[in-house]
């Protein structure tokens, strides 16, 4: 069905179609409407699930962890300070290898209080073993949520869908929503490697020799490496079933013959694409490698950019060094130009990108530049 | 062709609902559309911006609209606080819940009057969103039928009926108006 | 006596000699289909060293503050599936400090779980630091001169949460504790037991005295056993001590423990006053929720 | 089972801390004469290492008994004595 | 009346029309040397849009769960320096959910701070979600069919924390609230006030009715004003309603609010029972702590 | 005074000598003895400070934040799950630009529960704006704690001293402890850019235009850049006063003529240095660049390693990519060899390093290798 | 003051949300005849925009009065009337 | 020259205290030293390892000791659970609280007896740490005076006196002993 949905409602719809059985979440702008929608679906009987109105985010992820480890498909959602408040659980669920899905509406961290998007919050998850995806538009957020359950359950790792505050969470766009049967055909029954059930006397997480911890981490490192293929497979088969295929860990946009390549992620990629179109029309050989998954990190994909002029546009900064995308991309292909923009939700539109890319192509950007330069001085 | 619309309203007037209704109407007509609320906390009574994009192509951008092709003003008072030209592209169109136009290409409609006549009131405020949606449909070249369909899938029962009525009347009554000229 | 012969805690586990948690965990064996949720604390250690586990029931270790929330999730999932289970959170008093919002939240939601706080009146696993329930004037490593604040009345506070079941218990009176667990298994919703658990190394007494000291707490009136399940009743082991004259002198309880070494006569008088107040409160509750 | 699962999941087993009988400095010795079979020692043994057989014989599993002395303390008959362990 | 003419909250701030927080904050003006600690909530917004601030006293915004702990730190530092200050935490009921461990911990430590929970019975700032104190059967966006759990009795729970001062108050009775604040300023240690704050958009009533509805809550007996400072007393605005026959019918309170639309007669009877129980408890406390 | 102190007691001693006025902390192994010692000092009247026995780490840092913003020197300490539990506050205090010092005893994150060292926990702070130092031995932990107050207060940013679980926290070593007067002479009175005091009607952290947030972050990025010089200055003047100078952001060990360079941080550097000495004795031109500060990131210092064979030994892994040090060092000088070792507290000693470095010098290490290879397969 | 400080610290000021008088749909109008100067309206105005001058004149600051109507509701004399705002 | 020492004791016997006392004693003699506890949670009654390093050079390494130059065994029972050779370098020395030696280079002392004779007992256990420290001082070539000084700065009052006494007696009584030979 072709319809109009905000990013948050689309995620809720996807969770429903994925037949999540336990939902626990705590309100925080701009994630709240996901949870409200799910509460309503449960209330109306449209979704056969338990809805737990926990008293904090730490408890939200804890409850979802309990539900998932008991063998049920489980979902939560949060943002910014909510993520930071559940941060201990973020690590715990990953180390416990529990498959589940969380929507992360990206939002600035305070102070000052600020509810607009940047990617700093989401990227605090990047070491923890979560699979981290980032949507460009509402449709992609919807698709990633459904794919998330499948991918997560295939590799026993939690999965997060990142979507930008307001620009996706609250923006209503045209979305293709499949019907339940189609989703059921594509998304297998819940699977996971172990469950905690009464009568089965296992203990999860005992202290043990240090080597066991190290081996568990190594197994996890392998699992997330394996997820590269699983993600690609899911993308392909999803494409076959529903007609939308994105390209796996990255999406390539007008990379044919591109000498200049922009690397970035999230909702503003659309604006940047519009800007790229304009510049391409003028003959500038510019394209984009959109990061769809930041973990596993698309290192092979980025390696392909070697020899090109690369601009990494970051919406997150690692204090005392550089942009987070910038840093990681550099670690693969060496020196890149790194623009820090949109921090604290500063709006960056088509014209901004056009100007930025022009400057880039004429080598007028510094290696590390806060955009726009006039503002930061 | 991309049309960018901005709605200025007071919190509680339903600016974003109007944007959603028009977006849905456009989608029903096979177009692409995007409805974006003010990015931020809205408090009853404070000034709120909502955005609407319409296009025959998929819409990819997600930034807010700085200057609109069509600017809708949900209350005449708003003209006292904002400088309209700041938000309107050169040659852009305004749609006003007012008696007088303010620019070359203005459309005026007494949305408050229509709402009051249909008893669309909450907390003392006339609820003008559906009337304004009806009025905006005219310059946006969306059919009133699509708008009514969109209203019907947004509200239900009696509420849907009255709101559809408001849109219909506004669609019919909205008029081009000059700065200073009366509707 | 009708106590379980078996224990869900198997012999040869890492608990210290005379560990009160071990006694309390024995009693839990009366419950069926138990899934144990254990936040950080001595019980983390007690549960064994990988790859061996000390428990004969499933145990889920969880972060310190999260236990009651994890239990809520487990219970929700079991409910969705129709799996019969008694989800039991076994936590220390420290976990009840950091996790109090979580306990309180789940209580307000009336989650279908059992929460036992085994209260050894300090953070033992990290080496005897003061907790909310540490006794006034007790010496710990973070209150080397004796704790300056009062013991937090966990059970009293939970009573104000209007949950279906609240009780106090003691490792000195396992029969009473087991009776309460049996009662608990007949009730649905949030059930809370505050278990008094004297700890030999933490309170500085000989490992053989755990039960004796637990009993002295009750006999001196310093720890009162009661139960609320809609009605509020003082439990039989404590009943005699409603009558102040029947109580063992408080000094007998105090002097057994190294943590109270050096307490002045005034301090003890002050403690007596606090004990009196607690009795007054408990007796009022008994009258109120008849 | 994947090997990572083995590292995460521990299995129920006695002696998860080894032979804790070695921890003892004193050893509980039961005196069948004095004993009245009230079973208090059994119920209050934190280690659950006291068993009763044929409703009569109180047997202590010295492999795991930690020698805490609670059984001796609780016995109303003084039927358990704590005896110093031989090195 | 002896209310302050001035308000620490300046005109032209972003609070909604008829905002109960704004009323409560007016009353705070009786306190001197105030430093206000504000966790996330409507008051975050009310405090103004940078670079303007709506308050005439220093305000420290802090993370949602942290307010009482930050206040403890401020108070400790002021004490160390000999700076005279009334450190006041002004928090919503939501902040009291997520931050309950923090409140409870600081209460147990008897920190020298004042905590006011302005209870509008939901998470308003994020758009009317259920909180622990949301009234039974009230509709919120996360309880669209009406909340299934009972309202958490914050003040009753804090009373069990044995702190020097606990009270309930209402934005409908500012004189009473101001009296309590004056009392509070004479006491040291942890002081807690649970303020009832009907919210027009959140409860769905007209902005002119804030005070009236707050008063109806008291007059119908659904909200009881009391004070504990060693002694427990029912406050004068509530006194007449000890006598059940003097109370306004509960329906009058319920029917004013959109959030209760569609409540059945049975539901209302059920609420009446709950109100009865609350009175019973309050009256017992009055007797106990005479 | 030359004495024997564990790392934790040395930190406590340093806090006392720095005249901290408010201490709030929550116990967690292996940090606990810091706090116990401080509690004892306060109890005995050796330290004139308020000690707040908070009920969680979130509250510990919150209380310290309150004390610091009120203008007092304040200290806390934590580890692992404690850090994760206070994570929201970690970001908050940095964004609020509040100077304070925290000791971070590095410890593995669970499950399984594990109290031994690796650096994963500490490195979760690396984006947040904290100055992050890492001690090699007890003396350095002591010195960094005192320097931390000065540096933090000069740049209005919080400062953390990382020390390895047990290897430093519980290991007693010879420490030179200066007397109070000497410390007073070196460490100035508390300074900070703003304070919250009764009577001064300012509001901290209001919502505002997005651009303000962005500018604040830029100012913070500049402040932490500035801290490079401040750190160096502090290291120099501390060296002059107390005779111990470490070299600023990094310490260079036997880099003269080195063709092979090892980059690493923390307590095991001592073991690695012993191994380097052995190999140097054999004529292998190998040296070490020890990372003393991970934030600000020593990019210029690392740049100097260009052209050398570089081995980065990591005690922290970013799941879905590579070692965290490895990644960041790569971002400066491109391809490095990255060994992941000591995860979950696995003990790595002189012999291990010797074997590892030999393999490295004979090019037998994979680009990314979990050490020792036999164990991970 | 460093510029970052300016961005972090907000300063006390009326009208932190602008001229909130614009939010009104109804306007409170005071009737001095009916008024008995009980000052209830003043104390209960959430905006604190009612002032009394010379113990007699009740003046409402319409620049910021949001028109909530509480003053009119609370007035025991019906001395405040809510009148629809002109556009 | 670096000497690496390992102490095997039961939790509660004070293995790490012994290591600290000897380290402090060595520091007093101008040496460098390092005392390291078992890395982990120790429970009363369970087997615990502690480490001690002594050197005339600064000690930089922080890893645990896998094989020691000197291995001290605080209770004879320990020999039943561990294979000593696993922890001892070839040619290393053992110091035992026991009557019989176990290797070529063994030192034996009846530390338990000394402790009991001085009434150094807790929870039924003889507290052998200071006696063992005294005994270990012999092969480690630390003067008994330094050990006593270290004990005096670790304990105070009567406790210091008795413990110093225990060390002294042990220092005097410790003997080389062969496997199977009696003290």
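Order of writing sets the labels: A, B, C, D, E, F, G and H. Residues in every chain begin at 1.
Throughout what follows, a contact is a pair of C-beta atoms (placed from the backbone, for glycine too) under 8 Å apart; a residue touches a chain by one contact, two chains touch by 3 or more.
On a predicted model such as this, the values are computed, not experimentally measured, just so you know.
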item	value
Chain pair with the higher count of C-beta pairs in contact (F-G, E-G)	E-G
Of all other chains, the one whose Cα centre sits farthest from subunit E	H
Centre distance in Å when subunit A and subunit E are each reduced to the mean of their C-alpha atoms	39
Centre-to-centre distance between subunit H and subunit G (centres being mean Cα positions), rounded to whole Å	81
Chain centre separation in whole Å, for subunit H relative to subunit A (CA means)	56
Length of the line joining the C-alpha centres of subunit A and subunit G, rounded to whole Å	47
Per-residue multi-chain contacts in subunit F, two or more chains	29, 53, 55-56, 58, 81, 85, 88, 92, 96, 110-113, 115-116, 201-208, 212-213, 215-216, 220, 345, 347
Subunit G: positions in contact with at least two other chains	7-8, 10-12, 17-20, 23, 66
Overlap residues in subunit E, where contacts from two or more other chains coincide	14-15, 17, 44-45, 47-56, 61, 63, 65, 97-98, 100-102, 104-105, 108-109, 125, 132, 200, 206-207
Complex interface listing, subunit F residues touching subunit C	26-29, 32-33, 35-36, 39-40, 43-44, 51, 53, 55-56, 81, 85, 110-113
Complex interface listing, subunit H residues touching subunit D	10, 43-47, 75-77, 80-81, 98, 112, 123-125
Residues on subunit F engaged by subunit E in the complex (per definition of touch)	21-22, 24, 48-50, 52-56, 58-60, 62-72, 74, 88-89, 92, 196-209, 212
Subunit F to subunit G touching residues, read off their complex	96-97, 193-194, 201-206, 208, 212-213, 215-216, 219-220, 223
Contacting residues of subunit G [partner subunit E, same complex]	6-7, 10-20, 23, 39-40, 42-44, 46-49, 61, 63-70, 72-74, 82
